[in-house]
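Please find the structures below.
Next come two complexes built around chain A: one with chain B, the other with chain C.
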Partner chain A sequence: MIGYLLKRLGSAALVLIAVSFLVFALLDVVPGDVAEILAGDAASAEDVAALRHEMGLDLPLPVRYLRFAEAAILHGDLGKSAVSGRPVADLLISRFGATVTLALASLALSLTVGTMAGLLAAARTGGYLDLAVMALTTLGESLPSFWVSLLLIQVFALKLGWLPVLGAGGPDHLVLPAVALALPAIALIARLVRSCLLDVKGADYVRTAHAKGLSRLIVWRDHIFRNGILPVITMLGLYLGNLLGGAFIIESIFAWPGLGRLVVQAIFDRDFPVVVGAVLLIALIYQLINVVVDMAHAWLDPRVGHEAI
Partner chain B sequence: MALKVDPGASRALSQDRQRTNVSAPGASAQRARHHALLRPNLLIGGVLVSLLILTALLAPLLAAYPPDQIKPAIRLQPPSLAHPFGTDNFGRDMFSRVVYGARIALQMSLLSVLLAAVPGIWMGLLAGYHRGWGEQALSRIMDAWLAFPGLLLAIVLVARLGPSLNTTVLALGVVGIPSFYRLTRGGTISARHALYVEAARSIGVHHSRILLRHILPNLASPLIVLVTLRIGTMLLAAGGLSFIGLGAQPPLPEWGALLAAGRDYLDSAWWLALAPGLAFTLSVMGFNLLGDGLRDALAPDTRIS
Partner chain C sequence: MGKLRYLAFLILIIMVAGCGQAPQAPVASATQAPEAAAPTEAAAAPTEAAAAPTEAAAAPTEAAAAPVAGGSVTRAITAEPSSLDPHAAPGSGQNVILPYIYDTLVYRDMDNNSQPYLAKSWEISPDGTIITFTLRDDVTFHDGTPLNADAVVFTFNRFKEAKSSAGAGLAGMTGVEAVDPFTVRFTFSAPSSVFFSTLATPYAGIVSPTAVAAEGEAFGQKPVGSGPFKMADWQQGTAVVLERNPDYHWSPANIANPGAPYLDQVVFKVIPDASTQLAALQAGEVDLIFINSPSHIAKLKADSNVELIETRLNSLIYLGFNEAKAPLDDVKVRQALSHAVNKDEILQAALGGTGQVAFAPMAPTLPGFDPSLKQYELGYDAAKASALLAEAGFSAGADGMLSKDGQPINLTLLTYARAPNEDVATIIQSQLKAIGVNVEIQQFDTATAAKAATAGEFDLLLWRYDRNDSDVLNINLHSKLIGSSNRFAYSNPQVDQLLDQAAHEMNDATRAGYYVEAQKLIMADAPWQPLYIPVDVLAVSKKVQGFQLASMGRVMLNEAQVTAP
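Moving on, here comes the complex of A and B:
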């Protein structure tokens, strides 16, 4: 188990190094030079050159990357925003909480509703309930979340006035973005839970359990659910990663002050240090979640860990 | 091996993933019923996709007005017989804009899937057939690629190249490569020792001909399914990027951009956000249903349930 953990952490670290270098290289050599932006329009060519030198921008790319990585790892220093001049790390910290709140809220929502729907559909395969759940998941997977967001705003914020349109604040601000973000996840989880449970439902050991005279509840809870839910856990970790890293559309629509909105705004401002920092933070979280998911998987299904070692 | 699920390819499972399904007598009956239930998928999906393609092809005939004709006198009019989807804040006919938007939607999604499929399949064939350290290295790179949120990578590319229709297509294409690589590599690995490949090799058929004429056609079914499902995904991704301003830019009648423009008039002109959203939903649903239906018909082994 510990060997497997170390192996997973090692590969996560490799992925992070590769991704950080790629992102750094992609966004570093840009037409709008950071030094030029920071120095302002009035600065002379010498001023810009001096600032470039001071910031180390005249060094070759690999050297700059190593310096960046050293500062980031040893001091948590991700550079300064090219627009506001604030440290990128501070910006990220100030936005992190909002993104996590939104991601966890929609995860809880999609997990509850999705698992229930998938369970009901699997228990009544081929019935009307199953058909209804499958039709709804098909719809849910096809609805663009940004359109759903607009409809939610239109109905619940503008027409009915029950919930605020934009921004963050009380818990009421969380409802609409969380629902919009959760909707595709609900469809995905429901479909996955259903198909995984169906796979297990016909297994020999389930028939044995029934034949032993165990109650339906115990068969479903301890035999079908526990075995069928493994792929769902894998998917879930990935989905949490996507909720954290892919919420930028929803965050932008609802003016939710999270990391996603920060990235989008920084792209419009061509504020690349912020983009690099935010992307790396999201990649780091994503990798950590992946490791946790794999460990959970190995714990629930002992075969996984052994295979890997 | 670390367990990774590629969200894009999870519905068209690669063959190198072990299936946990156990065939019990009950399961096959279930499957038969399942089949009967899923038949409508192919039908409805096919109709929706055909409608989208026809709309795109016949746009000049269907649209009563040029999509960018500005008439300030009739701005923000609710739906009527002359303007079934109403008019926007420049007095442009929304119906014509949505109809022309079908062209952009198809163009973007088809091109980005093509950009992902061609290199992905090509590398997958070579890696799966020749194996060795090249395959190892390539597979590690693809795993790292997949271990990173796809849209985030796309957004980094958009940041680098500047937001535009072409950038979005390119970025989404690049992001999609690993799904095709993994599916093709897995299929090629299991096919390379198949009897028909051995036979071809034994009569001296050249490697490249074996790959293109013997192995590739045998992988066609799962690949067609993956392509179909990816088109729907790309449609949504491209629309989302355009919606937040990182994709197709405003004068273009791209559906995501139309929705973004309609956002400022949610209170007064509800119809602006209605038609493009419906167009999106029906098109994506069409490709999803078609993909599911095709999988059941063509490649039943590769489905999850």
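Moving on, here comes the complex of A and C:
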């Protein structure tokens, strides 16, 4: 088990190195750089060149990458923002809490609501409840998140006045962005839970369990649910990464001070140290979640662990 | 290579922002974010939100009764400032906040004239190369340090060394020295007419030398000036909170309250999305926003809790022609395309009737604008446009599209993603199609579009300037700047000479005269077709009373009070 964990962590480190180089290379071919932006439209070509030299932007890509990698790996230093001069690590930390709060709130919401809905639909296959869940999930998956967000604001903040418009603040401020972010996930989980449970529902051992005279509750809880839920765990892991790294639109609309907004603003400002740092952080989280998901699999389904060890 | 670069940018955006969200997501982000990124020349041009109301400062309601002390006003900003150090590179958001924290030597009145502020008076030497300021002797910074000649000398040396693009107006400055504790002398290699407008920008705010020494790099996070409000709290990613400076008693002449502000707090909330700003205002979570979307304006007109005040900006939207590319090197073609553009239609269709048609290259709020220039406008005249193109050797094919020597005329129109550029570009596209000219629209994020514009990768450029000085014409149209800020390859020696004279003329009236003459030549050469002057609308909750609008779109809160709604 420990060996498996170490192996997974090692490959995660390799992935991070590959991601950091990929981001560096992509940023290198993006038109425009921070020197041009800082120097302003009225600056002469010489001014821009001088600034570029001062910031080390005129060095070849491999040199810049090795300098970055050296500082990051040996000293844990992600550099400074090219625009504000603040350490990238500080900027990331200042936004990370908000991102995690929002992601976990949405995860909790989508997990409870999504699983319940999927379970009900699976238990009543073909019934009205099933139809309703399927219709609502199709809607939930296809509505664009910015539109849903604005609708939530119009209804719950302006018309009804129950909740605040803006994200940051007390717990009541968390509700609307969490719901907006959770909606597609609820739909996804509900559909997945339903179809997984239906697969298991028809399995031989379930029929056997019923035939043994076990109560409906025990069959569903110990046989159908426990076995059917494995793919959902995998999907959840992937989706949590998505909730952490892909909430930019929601963060923007609800003025939520998260990581996504920081990165996108940094891209528009061509503030590359911040972009690289943030992408690495998000990649790291994905990797860690993957490891956790694999571990969870090993725990829930002993076959996985034995094969790997 | 060019195409590849844009593709790489797109991949990056999708990778980071999209991440499997709804496919609509990246599109929405592209239209929202550049707004925050202070596009066009805002970076080069030190204007605060670039707004300059033309109407005299109009407080919505005069507070006749005794002022109500206390309370807080919340204003929405689209982007969080990266730093509140005035000498840091101008970025988004900071120019809105700086004027509350810092005072400047002079301020600009509504006619863009310099008026005393921290400087009681000044004297310009006959040759224009020495300017001596006499300072107020009763001003202290928020940290208690006295604001004297040494602080001013420190500030301007620091500002010049910072090489901030906002400090370009200090280029001719050779020295600054303290003559006595409250007298400062600036020396110049040649007279510099842009110096005074630079002084009035928030970027020329006087900083506390003690605080700069104490804070070092953190000064941008813990700014110390002498303004009516001082830094209280910075909630990263969410809000900047300023509190009242109880010692303030040196407000300039345009403010009736000589003492400290009545408000306890001013809060700047970071709200990137314009629709959210609107909702937050209607929900009472913010008190003050700037809007420019016609549909939002219409929505707020129906809201009885909100006051709408139109501000006109020191800005111009124009269509520029790249003279380095055929057939736009032919003045007849440029004139023809200018005549083909129907500006009234643009205003009606893309701006919902807001804004004002422009005819001269100079924005009407800047010195050097003259209503008589209207007679030189290449106004809408489709027949004349076709005639000029025929003179230039173009003839229409069976499909009505023009060509010359078998070559059809296909033009690329470059612009950046910010409402309503896309609509304006589309209307221009259809207007030019009507006279047989094919236009392809390219729209990118601000930085990408600016890069392509400076590299000359366009035929037509739909662009905007925001600047509080008439030297905006020097920056954009002087031939010595071809390849950098003169993106149009426009060159006219007579125009260059007039622009040079204006740059070194310290007499305002004479200087304005040079600009009027230069514009007559420019309008005939047609490197630009001026399109319109944008309007920003200040929307304020009615519970805020007694605020004032000053030049450059500043909202002065020295006299503001909050009353129960």
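In this section, the second predicted complex is superposed on the first by the 269 of 309 C-alpha atoms of A that agree within 3 Å, B and C clash if a C-alpha of one lies under 4 Å from a C-alpha of the other, contacts with A are read in each partner's own complex, and residues count from 1 in each chain.
Note that in this section a residue touches a chain if its C-beta (ideal position, glycine included) is under 8 Å from a C-beta of that chain, and two chains touch if they have at least 3 such contacts.
Since this is a predicted model, take the numbers as computed values, not measurements.
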| item | value |
| --- | --- |
| Chain B versus chain C as contact partner of A:242, first or second or both or neither | both |
| Partner chain in contact with A:125 - chain B first, chain C second, else both or neither | first |
| Which of chain B and chain C A:150 touches, first, second, both or neither | both |
| First (chain B), second (chain C), both or neither touched by A:95 | second |
| Partner chain in contact with A:225 - chain B first, chain C second, else both or neither | neither |
| Contacts of A:51 with chain B and chain C, given as first, second, both or neither | second |
| Which superposed partner A:81 touches (first chain B, second chain C, both, neither) | second |
| Contacts of A:24 with chain B and chain C, given as first, second, both or neither | neither |
| Which superposed partner A:267 touches (first chain B, second chain C, both, neither) | both |
| Doubly contacted chain A residues - partners chain C and chain B | 23, 26-27, 30, 143-147, 150, 153-154, 158, 242, 245-246, 248-249, 252-253, 263-264, 267-268, 270, 275, 279 |
| Contact footprint of chain A on chain C as seen in their complex | 2, 4-6, 8-9, 11-13, 15-22, 24-25, 28-29, 32-34, 36-37, 40-41, 43-45, 79-80, 82-83, 88-91, 163, 165-166, 168, 217, 220-221, 235-239, 269-273, 275-276, 279-280, 282-283, 285, 445-448, 450-452, 454, 475, 481, 483-485 |
| Residues on chain B engaged by chain A in the complex (per definition of touch) | 1-5, 7, 10, 20-27, 30, 33-34, 37, 141, 143-144, 147-149, 151-152, 155-160, 163, 232, 236, 239-240, 243-246, 256, 259, 262-263, 266-267, 270, 273, 276-277, 280-282, 284-285, 288-289, 304-305 |
| Chain B partner contacts - residues on chain A that touch it in the complex | 8, 11-12, 14-15, 18-19, 23, 26-27, 30, 125-126, 131, 134, 138-139, 141-147, 150-151, 153-154, 158, 192, 194-196, 198-204, 207, 231, 234-235, 238-239, 241-242, 245-246, 248-249, 252-253, 263-264, 266-268, 270, 272, 275, 279, 282-283, 286-287, 290, 293-294, 297, 304, 307-308 |
| For the chain A and chain C complex, residues of the former touching the latter | 23, 26-27, 29-32, 36-45, 47, 51, 81, 83-86, 94-95, 98, 143-147, 150, 153-154, 157-158, 161, 164-166, 168, 184, 242, 245-249, 252-255, 257-258, 260-265, 267-270, 275, 278-279 |
